[in-house]
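What follows is subunit A paired twice: with subunit B in the first complex and subunit C in the second.
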Partner chain A sequence: MSVVLESRALSKRYGRRQALTDCTLSIPAGRVAGLVGPNGAGKTTLLHLAVGLLAPTSGTIEVLGAPPPASPEQLARVGFVAQDTPTYAGLTVADHLKLGARMNPGWDAGLAQRRIASVALDPSQRAGKLSGGQRAQLALTLAIAKRPEYLILDEPVASLDPLARREFLQGLMEATAEHGVSVLISSHLVADLERVCDYLIVLTESRVQLTGDVDDLLASHRLLTGPRCDMAALPAEWHVISASHTDRQSTLLISTADPVGDTTWTVDQVSMEDLVLAYMSKAASTPGRNRTLEVQR
Partner chain B sequence: MMWLTWRQFRTQAIIAAGGLALMAIILAVSGVHLANQFNASGIIGCQAHGHCEQVASNFLRTLRGSGYQVVFLIAAGLTYAVPGLIGVFWGAPLITREIEAGTIRLAWTQSVTRTHWLAAKVGLIGIAAMATAGLLSLMAGWFANPVYAATAKAGAGPSGLNRFEPAVFGVSGIVPIGYAAFGFALGLTFGVLIRRTLPAMAATLGVFAGIQVAWLQLIRPHLLTPLRSIVPLDIANINSLMTNPGGHEMVVTASVHKPGAWILTNQTIDAAGHPFTGPATNACLNGGIQACNASVGRLHLRQLITFQPASRFWTFQWYETAIFVVVAVVLAWFCYSRVSRRRLT
Partner chain C sequence: MKRGALIEFHLDGRSGVSPYLQLIQQVRQALRLGMLTEGDQLPTVKDVVGRLAINPNTVLKAYRELEYEGLVAARPGVGTFVTRTLADESLAAHGELRAELQRWLARARRAGLDEESIEALILTTFRATMKEAI
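Presenting the complex of A and B:
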């Protein structure tokens, strides 16, 4: 299976602040990968390294087989929608399409026109007058009509209301399914990604906590509920990711390869949100660290 | 890439072109009148009559306080201001505005390398900057030509316009082109270093003005070693003579007649070659002006002049332009290397 993004011990430091630490990833092609983590975890840093807006402090990263941004050809193969979906406020929607056509050899003008029409954007409107959702659609159109092999989106829906959010993600899925594009999309909200991702990367405190195929991850984790237990007495092959206890009851999220046979526990499938929250809180409960997690539905 | 650069620069280019056109109309209309007045003054062909000094002086006197003077002051002021304004309004925001709006992340992820992106911006706007300053200087120079010609013939009489004098040198010839290239590159550099528009604009303005003043005071006079000339002081040229109440001290200064030259120092020295500081002659303490002047004449005073001769005008123009353009290129190269090493986002 080919790999779209491969990093080894990738690190980025801004002065004394470590923004990304020892990030080793290998994301297969053809996936919609979700990059989840709280604000400030290093998601934007990782994505900027992937599109070549930043250079690594140490370690290596390769996107589509080359360190970004090797050349105009490499740039043409990767589409990027930056955080807050920046556009030129003084330029019209039509100007932006012209910009895309002039600056990208593989520009698909028909696709761009169709997308603009389907999301009801007025070509003569200045981008500065668009709503957040419209601007995000314009930015996405620019990235998609470039006809990239790999589309990277940094919190594209963060500033959108729930309806615009759903429309944006729907448009994204339709476009990527149609053209067979690999996608890497970041969000601090699990709920945004739950519907669209089949590959997951959890990033907190500048480190990758969890990465893998969503189905595999869901299959290898269990949510157990049972009478209050002693943590030390649990089977050794259970890797407890998170545990919470009330006076009478314990809830555990464990990683295990085998089915749970012990009938004192009620065994449930984990959801992606359970999984992400468990790994985030695991990182947060590490001594000396403290970070508030943002979870919204 | 050129298209985006032009699209973003269009409004500023139109403003600059409009300003240039307005200035061109004003200078053309009044310049034609000035040229007519010059032609009617009798300066052309004055050699045959041997009264060049007189007609040229008359011509210059008619200009004093006239509208032509105002027009020239405006054109000169604009030519001085434009390189700084270009640095502040074209150079400094060029990159900072894209950083602040986040659009640099859009621009740098199209299929155009960041260095290509920068080269297009610097190329187009840098050339526009130099063209704007060059055109202004050309128009102001054309307008002032009759005045320069008359000044060269008017002798030591009324002050005309000497294009080698510091106040005029910077708005003549090709140096404004060098200043504009430098101003633009300086603004760009502060933008790259500071990354915020307003502080970068303020730094550009301050540093550009500081460098202009320092250049004038410290560097330009020494671009070439000044010439020295010692001439007998002609009492007809005395333009000030002061004594202190006791008569121990007396200061005499006389004007210098070196058409088109830039006079750096003009010192009155005595027969032995020391600076003359007095004492005052009896005639100057007690007698009339004529007797005083005659007594000064008997002191055999001389004038020690250091100056840059008129023949060096274009050498100075080329040197100064070349230095500013080279510095601009170095600054642009620095910005280029910062951008290619991704030190911006």
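Presenting the complex of A and C:
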């Protein structure tokens, strides 16, 4: 299977601040990969490294087989929608399409027109007068009409109301189905990505906490509830990601390759949200890792 | 002119059932109720994802599973079509089974179970029995 993004020990540092640490990823083609993490985790840094707006401090990254930005040809194959879906406020919708046609060798004018019509954007309207949802649709149209192989979006729905959010994701998924484009989309809200992504990257405090195929991740994790347990007595093949206890009850989120046979536990499937939150809180409860590194350097 | 879709999928976000399974269940249900019959076309992947804002691979996976079950067949470049109706041979048994279930529910009521307890009992028994069957 081909890979759209591959990074090895990728790190980025701004002065004394470590924005991305030892990030190793291998994202397969044909997927919608969700990059999830709290604000300030390093999501934008990773995406900017992927599109060549930033250069790594150390480590390597390759997008579509070359370190970005390798060439105009590579740039033409990658679409990028930056945070808050920026557009030119003084230009009309039609101007944006003209600009897109001038600047992109593979521009699909028919597709751009059809999309503008289907989301009911007025071509003569200035972008500055558009609503947040309409502006996001315009930015998405520009990115899709470029006909990229890889589409990278930085928190595109964060500032949208629920309806605009849904319409944006509908448009994005339609384009994915129609053109087979691979997608990397970030969000600090898991719920936004739960249905759209089939590959997951959880990033907190500049580090990748979890990455993989969503189905595999959901199949290899279980939520257990049962009588209060002794953590030291749990089977060795259970990797406990999160645990909480009352006097009488224990709730565990574990990763395990085998089915849980022990009937003292009630076993439930985990949702993507359970999973992401468990890994986020795990990262938060193992402090000092980053700080130790800072001190050593 | 493109013909309108015969069925429309919907997703219940709170059911705990994965979107992929919900799609499969809705096709099976439509087949059972006769809303879809042999030769009918399922909504295209693009239509489904454009409506539900879900990952295209989820739809492809559901359609592949239905194909594996022999209920539908994909014609490359055209779409996915129903190849078999879910025969209603079992429909005849429904009446008797329902009557039996109603008698059981009345007994549960008499034993003092409220609605929630009845539901919980049915669900846990159903799950446990199905697990044994696998």
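A few comments on the model shown:
By definition in this document, the second predicted complex is superposed on the first by the 287 of 297 C-alpha atoms of A that agree within 3 Å, B and C clash if a C-alpha of one lies under 4 Å from a C-alpha of the other, contacts with A are read in each partner's own complex, and residues count from 1 in each chain.
The definition used in the following text is that contacts are C-beta pairs under 8 Å (C-beta built on N, C-alpha and C of every residue); 3 or more make two chains touch, one makes a residue touch a chain.
Everything quoted here is computed from the prediction, not taken from an experiment.
Overlay on subunit A: subunit B and subunit C fit together in the combined arrangement. Centres of mass aside, this uses C-alpha centres: at subunit A, the angle toward subunit B and subunit C in the superposed model is 150 degrees, to the nearest 10.
In the superposition on chain A, A:Pro69 makes contact with subunit B only, not with subunit C. In the superposition on chain A, contact is made by A:Arg195 with subunit C only, not with subunit B. In the superposition on chain A, A:Val93 contacts neither subunit B nor subunit C. When the shared chain is aligned, subunit C comes close enough to touch A:Leu169, but subunit B does not. Judged by the touch definition given at the top, the superposed model places A:Val32 against subunit C, while subunit B stays out of reach. By the touch criterion defined above, A:Met280 lies against neither subunit B nor subunit C after alignment on the C-alpha atoms of chain A.
In the superposition on chain A, the chain among subunit B and subunit C reaching more residues of subunit A is B.
Nearest C-alpha atoms belonging to subunit B and subunit C sit 25 Å apart in the superposition, given in whole angstrom. Contact residues of subunit A toward subunit B in the complex are 48, 51-55, 69, 71-73, 75-76, 78-80, 82-84, 86-91, 95, 98-100, 102-106, 139, 142, 146. Subunit B makes touch with subunit A in their complex at residues 1, 3-4, 7-8, 101-103, 105-106, 108-114, 116, 341-342, 345. Per the touch definition, subunit C reaches subunit A in the complex via residues 11, 16, 19, 45-46, 49-59. Interface residues of subunit A, counted against subunit C in their complex, comprise 30-32, 166, 169-174, 176-178, 195-198, 269, 271.
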